[in-house]
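The two complexes that follow have chain A in common; it is paired with chain B in the first and with chain C in the second.
Take a look at the complex of A and B:
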């Protein structure tokens, strides 16, 4: 008797699942959203994961760190006039162009393995637009150069000496780094003002020479 | 809407708490279903007990139906789900070893922990074995690194490979599952041990 009852339960369950299974056949797959949803983009942006400072980028360039990929999102004309070292040019207008097969033209550049891609423009508006587009299209590890080239000039090429009255030692460290970077990028001459700073500047200059030597060795 | 943590419906800090609670409930359910006994777990190999297969198939088809329906009504974003990527040979080799361990030791990793929790000695030995295995794997990683990371196919879904919708694949799998249920019931009739004591 008990066994009969159990079999009845099994038959019932089988029938229920068969019906569910038949319903399944008629449920279509929902079109997968190829783009990241806007609120995920906002989340990435708000977590402060969108920007690289000029100092960070300068350091990566000076170290010759191969992880960095700089992308100039301005027009070709602007790019040819001035660009950062080793940057490639992808004008914003061409960023989402597709080839005949429907693949993004710049796919290989925007989806490099284990690279950090930093977009830059004159300010950071154009780069931010490019960043939003690229992030929505699931290209990862993309960042914006904070303040763009204008900020690059202000901080790296022509760094301003901190006010002696208000500056913290940290400010001086940053300044010293920037002064060295400025020389590296050819924005300033070596006559750095205060003697206290001099020694560190010298040190960095030596480092720069080493970099050049390494490059020559390759 | 879902996955809840990934889409920000639940704050990320909570995922460990949720995992902890689900883990405890899962452990209790496994223990109550008799999965702390290696006799029960290896039963399907010898044909006297198919609980393991039934439980896994039931879990699979319930989850399958749930996911297909939920993605259709928009409760879950299938694209944001974590799907284990396929490393073909890594799975073939690793799966065979795991299966062999399953048959020899009478536990899978999860059930061995459940059995340790209720004080089974064979499970404790098994668990030490797991730790030794983990150690050997980690220390010898350079040796099998190529196999481990090789033949990668990304996130492969059977429905995509067959070129059918997820719903059609769910239907095929349900048929397969119930075929297995009834087939194993017939085998069990033949090999069942009436007097089997699962507690020792």
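Take a look at the complex of A and C:
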């Protein structure tokens, strides 16, 4: 009688594990969790955490702040004609290229430790495309240069003096900074100290994944 | 003398019940993921889609749609309501970008009858919304490379769709020349070129390293 009971338990447990195994097959692949959901991407954008202004970027470059990493997402041809100081070129087309092991080729640049990565293009549409893909793929601390290089020229290289009738003291502060930045980047004749724009740099720390392939060695 | 307590005898049906209950909890926990992505396009497909500029409407096409009052199209303004109320394209619908994926707008944005044109305060805003909707499988979505302000000033108030910022990604300046004209003490065409040569091989080097491998 007791032996019968024991057999019943074993049969039951076997059935349970078989059912469990079958269910596990149909549970979604964990791979998809490597991506951020569309809702989260939109949320990040909507919270105003997607852009870096030209003033912020200029300030970081002028300060020589190593936290900044500029990524030019235009074509190699455009990059070779002009690029911002210390920028690297990752054309949009190559952004999610993978190597033979299936790792993103640019992973180390897009997920660096303690860096802020700012994508830029001529306007900010191509940079936004790159940002959306990178954010979806969980590359963190990625931003878009507000207005791109066109805006860089208009604000940093050729700043426009505020109109006396409507300008606030803050407008003049920003203008003074831009004149100094113009001198730094383009060699204008202004003589102003670059101290007026408040830096709003977030010193966000990127968690470094140490799961990268340890290369070399036999 | 101590009183003896009577416990209900353990029955197999209790054991079965507990196992089945735990199993249900376990399956629920494994399969539940509130933030599970719902993309119908994988990242590579999404990239190909945007590189091909699929779904991109030009300013002249937009002008034609507006002048002909083409009812096949609906314009969705992605800006915040306060900007929409201040000024907007006649007949456009306001769905702020933060709510673009809300279920209540699903039937508005994902439909076969009308083609939806997304437009915002800037092209980057529109393209981010576009990519998310297209990658989620929404049908008949289009995007523009200009802003609502451009439409108001260059299409609605006057017919000049090919002037101004009709394509925000277009190079407006010869950057190197502008810099050199401004003085160019720190960045000139020459230094930029030499920088480019220095930086570009980073990728090649990395790829080469990875390809080598082995002993």
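Here is the rule we go by: the second predicted complex is superposed on the first by the 156 of 218 C-alpha atoms of A that agree within 3 Å, B and C clash if a C-alpha of one lies under 4 Å from a C-alpha of the other, contacts with A are read in each partner's own complex, and residues count from 1 in each chain.
Just so we're on the same page, a residue touches a chain if its C-beta (ideal position, glycine included) is under 8 Å from a C-beta of that chain, and two chains touch if they have at least 3 such contacts.
Since we're looking at a predicted model, the values are computed, not measured.
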Partner chain in contact with A:21 - chain B first, chain C second, else both or neither: first
Chain B versus chain C as contact partner of A:116, first or second or both or neither: neither
Touching partner for A:10 - first (chain B), second (chain C), both, neither: first
Partner chain in contact with A:39 - chain B first, chain C second, else both or neither: both
Chain C versus chain B, contacts on chain A by residue: C
Partner chain in contact with A:149 - chain B first, chain C second, else both or neither: second
Which of chain B and chain C A:174 touches, first, second, both or neither: neither
Chain C-contacting residues of chain A that also contact chain B: 20, 24, 27-28, 32-33, 37, 39-40, 43
Chain B to chain A touching residues, read off their complex: 7-8, 61, 65, 68-69, 71-72, 74, 77-79, 165-168, 170-171, 174-175, 177-178, 181-182, 185
Chain C residues within the chain A interface of the complex: 12, 15-16, 19-20, 23, 26-27, 30-31, 33, 35-39, 43-44, 46-47, 50-51, 96-98, 100-101, 122-125, 127-129, 131-132, 135-136, 145, 165, 167-173, 175-176, 178-179, 182-187, 189, 192-193, 195-197, 199-200, 202-203, 206-207, 209-211, 213, 215
Interfacial residue positions of chain A with respect to chain B in the complex: 10, 14, 17-18, 20-22, 24-30, 32-33, 37, 39-40, 43
Touching residues (chain side chain A, partner chain C) in the complex: 5, 8-9, 12-13, 16, 19-20, 23-24, 27-28, 32-33, 35-43, 45-46, 50, 76, 78-83, 85-90, 92-96, 99-101, 105-106, 108, 121-129, 131-133, 136-137, 144, 148-150, 153, 157-158, 182-189, 215, 218
